[in-house]
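In the two complexes below, chain A is the common chain; its partner is chain B in one and chain C in the other.
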Partner chain A sequence: MASSSSSSSTQVKKITLKAADGKHFEVEEPVAMEMETVKSFFVGNEDAMKDMVVPLLNVSSEHMPAILDFYRNHSEFRKRTPPPPAEEVKAFNEAFLENKSDEQLMEMIMAANFLNTKELLNFLTEAAANRIKNKSVEYVRAFFGIENDFTPEEEARIRAENEWAFDGLDED
Partner chain B sequence: MDATKPLKLMKTDRLSNLPQPLIYIILSLMDIKSAFRTSLLSKEWKFHWTQIDSLDFEWDENLNSLINFVNGVFHHPLSLKRVRFHTKTNNQLYFYEKFLKVITSYAVSRGAEELDTNIITTLPPPSFGKQCQNQLKTLKLGPCTISSTPTPLSTSTTTTYNSWNPLVSLTTLQLYKVKFCHNLFDLKCHFDFFSSFLNLENLSLIDCFVPDYWEVFDFKIHAPRLVCLSISNFSIYELARIVISSTTLKLFNLNDNSHLPPLLKMKNCRSLEMVNIDLFPPPATLARTGTFKEGYIYHVFHVTEALRYLNPLRVSCTFPSKGKLFLNRNTQVANIKFVELKVKESEEDWLLVALFILRGLGLDQLAVKLEEMSKQMGSGDQLAPMELQLD
Partner chain C sequence: MNVFGYAKAIPHELEEVETDAIGDFPQSLAKSTEGLYGCYTLKTLTVYHSLERFLGCESLTTLRISASLPQSIYPYLFNQGSFLENLLFVNCDLSSGKTFTLFFDTSSLHNLTFSNFRFCEKIEIHASARIFTWKGESPCLLSFDKSGPHKVNIHISPPGGRPTKRWFTAMKDMVGGCRNANSITVFLNISKGTFILYYRRYSYADAETKVMKLNKETGEEMVLFSYPMVNGLDLNQFAMILEELFAEKEAHIINQMGIDRLSNLPDRIIYNILSFLDTKYVVQTCVLSKKWRSLIKKNGKILRIAPNDGKIVITAPRLKFFNLKEVDPLVLCVDDCPTLEKVDIHISQPFCQKIGDKKQTFILDIFHMIEGLFHVKSLRISLNLVTKEKFTLCCNNEETKIAVLNKETAEEAMVGLATILEHI
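Up next, the complex of A and B:
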């Protein structure tokens, strides 16, 4: 198996990314190019030199290490032959989401959206959906941070009219 | 620093920062009940759920909830890519067939390209109308019965059966617990269900069967654009063969946990890049000594005989409590036919299986790794692969 290639990293070019709060991150070129936003900064932009710093306006430095870790691991999963067992990918993904608050998850979704990487965005939006499906209205309100502007009467009426959607909820 | 401001804002009011397209994506990943309930979050959210592109309804068999779901959802002008309607029941109710039509025509009228349903019916294909035939790309069906009539063009002495209304636009078809049969009582016949699916690329048959009173000769699979074929636990008359004929096929997976894996015949599969065969004989097959075990071995030999000339190949055979046989023929290096056997216990029976299979493969070289054995012998290292020369 020719997978772990950490020893050959001396050859790999690095690209510097600047998070929203000004912190710099040195990232191997192939990993940086996983982000469409970074890629489009260079591709078709004659003036862009590889040593330029790419500003990432919507990504907090708090999330950069985790996001880069996701790219590194998933691009390794994709390249590996034979493909990694499903349990290994699942274990990585679960560990990735562990200890992430709802708020952090939302921020990372925003970041993935800004970086324009489908794989990460799909993964995170699915994680968000899993956290709120089969949950009560109150729970979901708290998750999205929404203020309820229905009167109690209005809310009761909508519930009564749509009973089919309100049975069989999970515990919050 | 100016750049920190948007982040601080985001923490106090997440909602206003999450763009609506992202909200729609998240809602589309949930079942329709959960998505619909968000209409109660606030007035702004009242109609967010109507932007979902995937409708997933899991029905609990309560007729009222079905009616209310239809009333609550169907009149909204949703624009859908995917409709999934599953029931938890194993019963077949009298109105199911009609309801499948309702769901199907609803899905199609809303623009859906994928339909996934487990409504049990006896005759699903004819209920797919003209519009379905040109629009659906992905169809997941079953359990149900697919039944066909003979084609007028059959020339041989045996009749070929095909033709359920072909869904021409379909690229992915998954059939689960589908019973294949035909309308006329003709015991000796060929089945050919997929050749009129002109754009089918992925076909997956899970727990499907042809009742064994049909002494089918060949079960043909040759959709003209097929790329990926997976067959798990296909049950068919034991002398029948699954005849796979496709010049475009790249990947073939066979998974079987019965005491009789189906016999295979591969024709014109020039583009094959990988064949994976995973066999899990049931404990009973091997627990009973004598004829059962030998029967299985003999049968597996016949199954794999079809693969003799295929270069890309991985065969694994997992025996209950007796380790795993793993054969891998490398496609990258031409002319070298290499097989690795991962042996967990030095069990005679399945070395016998191995040799049977190997004979069917036409191999030059064989490496055997005895993993477990080396541990038992007390040495931590693995034994070096032994190389055997086959006739």
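Up next, the complex of A and C:
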């Protein structure tokens, strides 16, 4: 990023975040503040700003670069005037999800939940929703690894109770 | 006897006494101001003594007992010790029986500790200690009355090797006995090192479990992983993590825990995911597992379909498309569905079993059914008859039309409502 360094004296403050596996990440303050969890760490505790390492217990270092990338891009999208064309945002979002396995997606959802950022969480949960959309019950179970604890009779009864919902599937 | 007399000597201003005096405290002590009673500076007392009847200096804050204990300790043993903050039972054993009951309702009590309590299989506590600590080798059943502790610490050093299944079950029961505590910490001392299994309750629904590795030399704690627990303490999960800690590789824990990724997501995330789905997919999730079923049922935030006296109430803030097939006419109440754009209702052979007046009522019922849906951009009802016609009623922003489709010729003709009634 070749952003103007007109005020060289006010260098962008960096905050160090520590992922679950102990790896450190240096992040520009405004990006770090996108995460409510990090933000709340500093609220009313301004002295802590200096050299404080914020531990992020539920975020593995594997996902940190991608998550930070998301924050950086989306905060840039928000600031830009005129707003970026929808295609550009969409292209970024699609690229973000590309090559992400279901498992990685779930881990990132957990991370986003822990970091308490609505935008990322909504984006990822919508992606998860899209992946289970139009899929059979068996597929969804396998996708999320849910153990079926119904007896066949119980399952048949519940299916019958909500028949209309399952009917639609046959057409898919 | 001398020790009590000595302690009485106020000029000494004793603060800590440790005594191995054998036998009961002198009877007179409980009544008089002699002996330890009179020693108003005493703060810590350690006794290696069977407690049949106990004195208590008012100044006493810490009492450590190492003795053979009766099956129950009642408040009168401590009636004077009303400022006691720490009560410790160290290296005690039970003189008879397998259950130990403690009644002690002093509100100042902060720490209650049992360390290496032999021959005891169950501890019943009727005390309002804030922090409860237990140390030992084999699990012991714990039960608390309603004012259970705030925090529970369990230090356990299981016998060498991989413990038996019974041990795990006993551990599960032990932790289960503390389920009302806001946090439970299990320190597990095993050959691989010391692990800390930490459970904390945030709210009624959400909680978190963490596994940390404790470096004994440096005292440093390293978080191995942390894990949200939905619906409070999940004992099976707890036992599972415990078992995994004995497994070959630590990394295994994380993999094992990843099995049911979504079911263990906090409810709010599941709702969040579901809120992006159309109704029918949301309803489908009710057969995934019991947990999901209850989730769909109990929360109205995403979608609530509540059949009630032939009336269906639908609440779905992000619902866009709603599709009903093969239902008897029902009154649909669409409540709080600002994004609903399209409703399709499809009924085939609606009249085959209906005759005469019933048919007319049926049509009226259908109109009742859609009464609440007129704000929807596109509404479509199709009646697929046994005969060659198919009626559709379409209603969208621009127009409302009733059409009859001739299935054989695929010709569509606009008809009035009266025509439908005629046809029936």
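The rule is simple: the second predicted complex is superposed on the first by the 157 of 172 C-alpha atoms of A that agree within 3 Å, B and C clash if a C-alpha of one lies under 4 Å from a C-alpha of the other, contacts with A are read in each partner's own complex, and residues count from 1 in each chain.
The working rule: a residue touches a chain if its C-beta (ideal position, glycine included) is under 8 Å from a C-beta of that chain, and two chains touch if they have at least 3 such contacts.
Keep in mind it's a predicted model, so treat the numbers as computed, not measured.
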Q: Using the superposition on chain A, decide if chain B and chain C clash or fit.
A: clash
Q. In the superposed arrangement, does A:K90 touch chain B (first), chain C (second), both or neither?
A. neither
Q. Should A:H24 be classified as contacting the first partner (chain B), the second (chain C), both, or neither?
A. neither
(Q) Touch test for A:E126: chain B only (first), chain C only (second), both, or neither? (A) both
Q. Just chain B (first), just chain C (second), both, or neither: which does A:R78 touch?
A. neither
Q. Thinking of the overlay built on chain A, is A:K13 touched by chain B (first), by chain C (second), by both, or by neither?
A. neither
Q) Across the two complexes, what residues of chain A are contacted by chain B and by chain C? A) 20, 22, 57-58, 103, 106, 109-110, 113, 121, 125-126, 128-129, 132-134, 137, 140-141, 144-150, 155, 158-159, 162-168
Q) Touching chain A in the complex: which residues of chain C? A) 210, 222-223, 225-226, 228, 258-263, 265-266, 268-269, 272-281, 283-293, 323-327
Q) Inside the complex, what are the residues of chain A that reach chain C? A) 20, 22, 55, 57-58, 103, 106, 109-110, 113, 121-122, 125-126, 128-130, 132-134, 137, 140-141, 144-150, 155, 158-159, 162-169
Q) Tell me, which parts of chain B touch chain A in their complex? A) 1, 3-4, 6-7, 10-11, 13-15, 17-19, 22, 25-27, 29-34, 36-45, 60, 64-66, 68-69, 72
Q. Can you list the chain A residues touching chain B in their complex?
A. 20-22, 57-58, 60, 103, 106-107, 109-110, 113, 121, 125-126, 128-129, 132-135, 137, 140-141, 144-150, 155, 158-159, 161-168
